[in-house]
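Next come the structures, one after another.
In the two complexes below, subunit A is the common chain; its partner is subunit B in one and subunit C in the other.
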Partner chain A sequence: MKIEVMSLYKTFRADTVLADINLAIEPGQIFGLIGENGAGKTTLIKCITGVYQPDQGAVYIGGKTAYENPTVKVEIGYVAEENQYFPSYRICELLSFYSLAYPRFSIDRFYELNQIFGVADKARVKELSKGMQMRLALMLSLSIQPAVLVLDEPTSGLDPLVKREAMNLILQEVESRAVTVLISSHHLSDLERICDTIGIIASGRIKAVHSLVELKQKMRKLQLVFSQDAPADLTAWPEVLAVEKVGRIHHIITKQYSEKLLNKLRQMRPLVLEEIPLELEDMFIYAAKEVQP
Partner chain B sequence: MKRVLPQALLYKEWKSARWGLAGLTLVLVLSRLVRVQLELKWLIELAQAGNLTVAHHSYWFQTLLFSAGAVAPTLVTVAGLAFLLFYPDRQGATASFLNSMPFTKMQLFDVKWAVGAGVITGAYLIHGVLLSAFYFLNRPWMFSTPYRAIPIWSSLQLLVSLAAFSFFLFVHSAMGHSLAAAVVGPICSFVPAFMAFGLRDIIYLNFSLSYDNALIVGLSKAANILYWPYLVAPSYLADARGEVMYPEFDQLGVRLLVLGIIMLVSFFLGRALYRRNSVEKVGELLMFSQLEPVLIYGFAICFGLLFNQIFGLGYGSGAAMINTFFLGGFMGGFFLARKVVYYYRQ
Partner chain C sequence: MIQHNGGGIVLQVDIKSSKPIYKQIMDQIKEGVVKGVFQPGDKLPSVRELSTMLTINPNTVSKAYQELEREGAIETRRGRGTFIVENYKPQADPDRLGQLNDLLKKVVVEAYYLGLSKKELKQMLADLYAKLGGARL
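And then the complex of A and B:
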């Protein structure tokens, strides 16, 4: 199912939390949402899952609005960043509740997933640690066999092994059932592993949307060493996002990497010109700096 | 049926409300069944000692059954039931969870009401069966009390509880904090009568009117009508021989009709408000900022009236005293209510 967000605005009293958000996430796409704390990620997610009503604009899931629409909500698996289940419920009671609420909920799938996650089904929700509660949320959301999976910080509290398993499961869901995934996380290495598109949100606005391949293509980190100072003010170049200078060593972060740019740099006769790895986390930090209001 | 009352919600609300069923049944049994049992035990002891005059106790069962004393504990239990049903909805994360699930707000409200009303009816049914069993097992000791006393009392009390429950759900729908709503709900149900009584006293003293003045009489009547416990207060009639007074609910149909109207109006108002509830307002004192002046000024007026009722009436000379305490209470109440509203907003 396609997720479409059109000119979305959300205000809490006098604060505009989301402004003019436009997004389109195609079926089978894994969309990573990144942004600093308070940027509006969770509010956007709650608008998409139909928890919040947009003040202006609209959210469509498979062409229908999600707010107050059970036929759409039944297709959405939502994992929130904090525990949201009834604390006094035992896991088996939560399973009964889910099986009555979601027609496609599969108890077999839940226990199959529990082979990996290992949550005691006799325990009460309040007895589980934060990590265990997150495992439970992931299992329940996957067991309803959703068409859309919305995950808000799903890896927080998970140990590295389980985190890897969880990421693999999401990839399997996309591969086997073309599930549309929206995932927000501060663990950018996780997003880098599974996402095909990244959106950067800052101050309640989507500042950039890139396919990860495209982003990696455009955004590179180059290391240059000059015998003296750099002969030109590199920050003024339109292809350059940022320049860091330590002595005679310059690190250039590009926003439009090309062979033409490399030739321009070579003409400045650096002693060294080499590309060094740039991870998504670094890309985010530089991109966030660029989109600072 | 499944569309109106989804099974998942029935399951969830029943898990919350079952304690209400146990609590309300216990309250009814303790406030009525146990009392009539103890009374019968005493009558048997009197009879064994040869001191029982049947004519003086011919309506003992009806008198005990219709007497006051059941309304307050049932009201508290029903307020507790409404709290249990609303508590998860007023916890930030759980509210988000419920609203992300395939239910509409109307379904969430309807199921709460249906389960709550079912639990209340169930408690009265259980108690009614136990009371009937007691009645028929001890039929010779019932003397002049007809069996219809049990269904009449039960149906009137049931409708009072249902009307109160619907009213409490309405208050919960208007407020974002379940504990505050559980306290405010029962208090609110007495506010109109309290205001009418207070206003009557202020006018009476300020304009030096007599108690048989038409305005004062009118306000007293209005206050009596608004004081809803009168709806379950019986009238006392003399028996055929004029020896014993016994309680009877006169105008039963009107009483039931009024309670039914209160229940339905509260239900539809509560439903309309709940549909407009926003998850982002959960935890705040009020769900609707438009209601803030109503709460602040309403509280201030009640606080002022309370002050003049406690300190202003009966001390010193009339109007000056009552007005001073009313104004002092009003201002104190105003600042207190405003502080509380802003505190919960943060």
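And then the complex of A and C:
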């Protein structure tokens, strides 16, 4: 199912937390949402999953409004940062609850997943550690066989082995059932592996949406050492996003990398001209800078 | 590229590289064919298998396979999987020839700035043919 967010605004008391958010995520796509603490990630996610009502604008899941709409909510697997389950329920009791609430809930699928995640089904929810509760939330959200998976920092609190398993399970859902995935994470290297598209949110606004392939093509980091002075107008070049200087070493972050740009730089006969790796985290930081007025 | 457990072939991705992941997969499979790691008729992992093996987006794997198929390097047999083509027919695709020309231009320019003579560059190329080599080149 397609996720569409149109001119969404959300305000708490006097604080505008989200302003003019527009997004479209196609079925089978994995969208990564990144942003600092307090940028509005979780509020946006709660609007999309129909927990919050938008003040203005709309959220559509498969063309229907999510808020207060059970027919849409049964399609959404939502793993929150902190998941609210009845604390005194045993896991097996929770499963009965889920099979009543979600028509496609598969108890077989749950136990199949539990082979990997290993949560004791006789335990009560409140007895589980934070990591175990996260495992439980992931298993339940996958077992409802959702059309849309919304994951708010799902990998926090998971050990590396389980994290890898969890990501692979999500990828399999995308491959086999064309599930639409929205995932927020501070672990940018996780997003880098799996996302088609990355959206950057800051101060309640979507600042940039890029396909990762495109972002990697355009944004590169070059290391240069000039024999004489560096061209003074380097920062003003249209292809250049930022220049950092450490002694004689210049680091150029490009926003429009091209062979032409390289040739232009080569003509200055630099002693060193090489490309160095640029991680998503750096891209995120530079992209956030770029969009500032 | 290494061959391991159960004959499954493990490719690697470098997420820090500026080369898109789908391109990394394409290049590794092509290099594998040239080196003989992949033989004509070899079955490639399914999209699901490879995406799980590498923990990467299945759309990325599909894209790599689609491009390779378009280039005629692999083929999908309905209901059976994806295979290295039996008899690869090199096609002089003008687009890709143009790209190759650009790559070589880059090499020639780089060689000039490294102070490499034309002869030395040719020797380097010959060495690479020998190294990657086998009977295929």
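We take it that the second predicted complex is superposed on the first by the 287 of 293 C-alpha atoms of A that agree within 3 Å, B and C clash if a C-alpha of one lies under 4 Å from a C-alpha of the other, contacts with A are read in each partner's own complex, and residues count from 1 in each chain.
The rule is simple: contacts are C-beta pairs under 8 Å (C-beta built on N, C-alpha and C of every residue); 3 or more make two chains touch, one makes a residue touch a chain.
Being a predicted model, the structure only gives us computed values, none of them experimental.
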Simultaneous placement of subunit C and subunit B on subunit A, clash or fit: fit
First (subunit B), second (subunit C), both or neither touched by A:12: first
Which superposed partner A:244 touches (first subunit B, second subunit C, both, neither): neither
First, second, both or neither for A:112, with subunit B first and subunit C second: neither
Contacts of A:76 with subunit B and subunit C, given as first, second, both or neither: first
Partner chain(s) touched by A:52 [first = subunit B, second = subunit C, both, neither]: first
Which of subunit B and subunit C A:86 touches, first, second, both or neither: first
Partner chain in contact with A:274 - subunit B first, subunit C second, else both or neither: neither
Shortest CA-CA distance in Å separating subunit B from subunit C in the superposed model: 27
Touching both subunit B and subunit C, residues of subunit A: none
In the complex, subunit A residues that touch subunit B: 12, 46, 49-53, 68, 70-71, 73-74, 76, 78, 80, 82-86, 89, 93, 96-98, 100-102
Subunit A-touching residues of subunit C, taken from the complex the two chains share: 13, 15-22, 47-48, 51-52, 54-60, 102, 106, 109, 113
Subunit A contact footprint on subunit B (complex, rising order): 6-8, 11-12, 15, 88, 93-94, 96-97, 99-105, 107, 278-280
Subunit C-touching residues of subunit A, taken from the complex the two chains share: 28-30, 164, 167-168, 171-172, 174-176, 189, 192-196, 212-213, 216-217, 220, 259, 263, 266, 275, 277-280
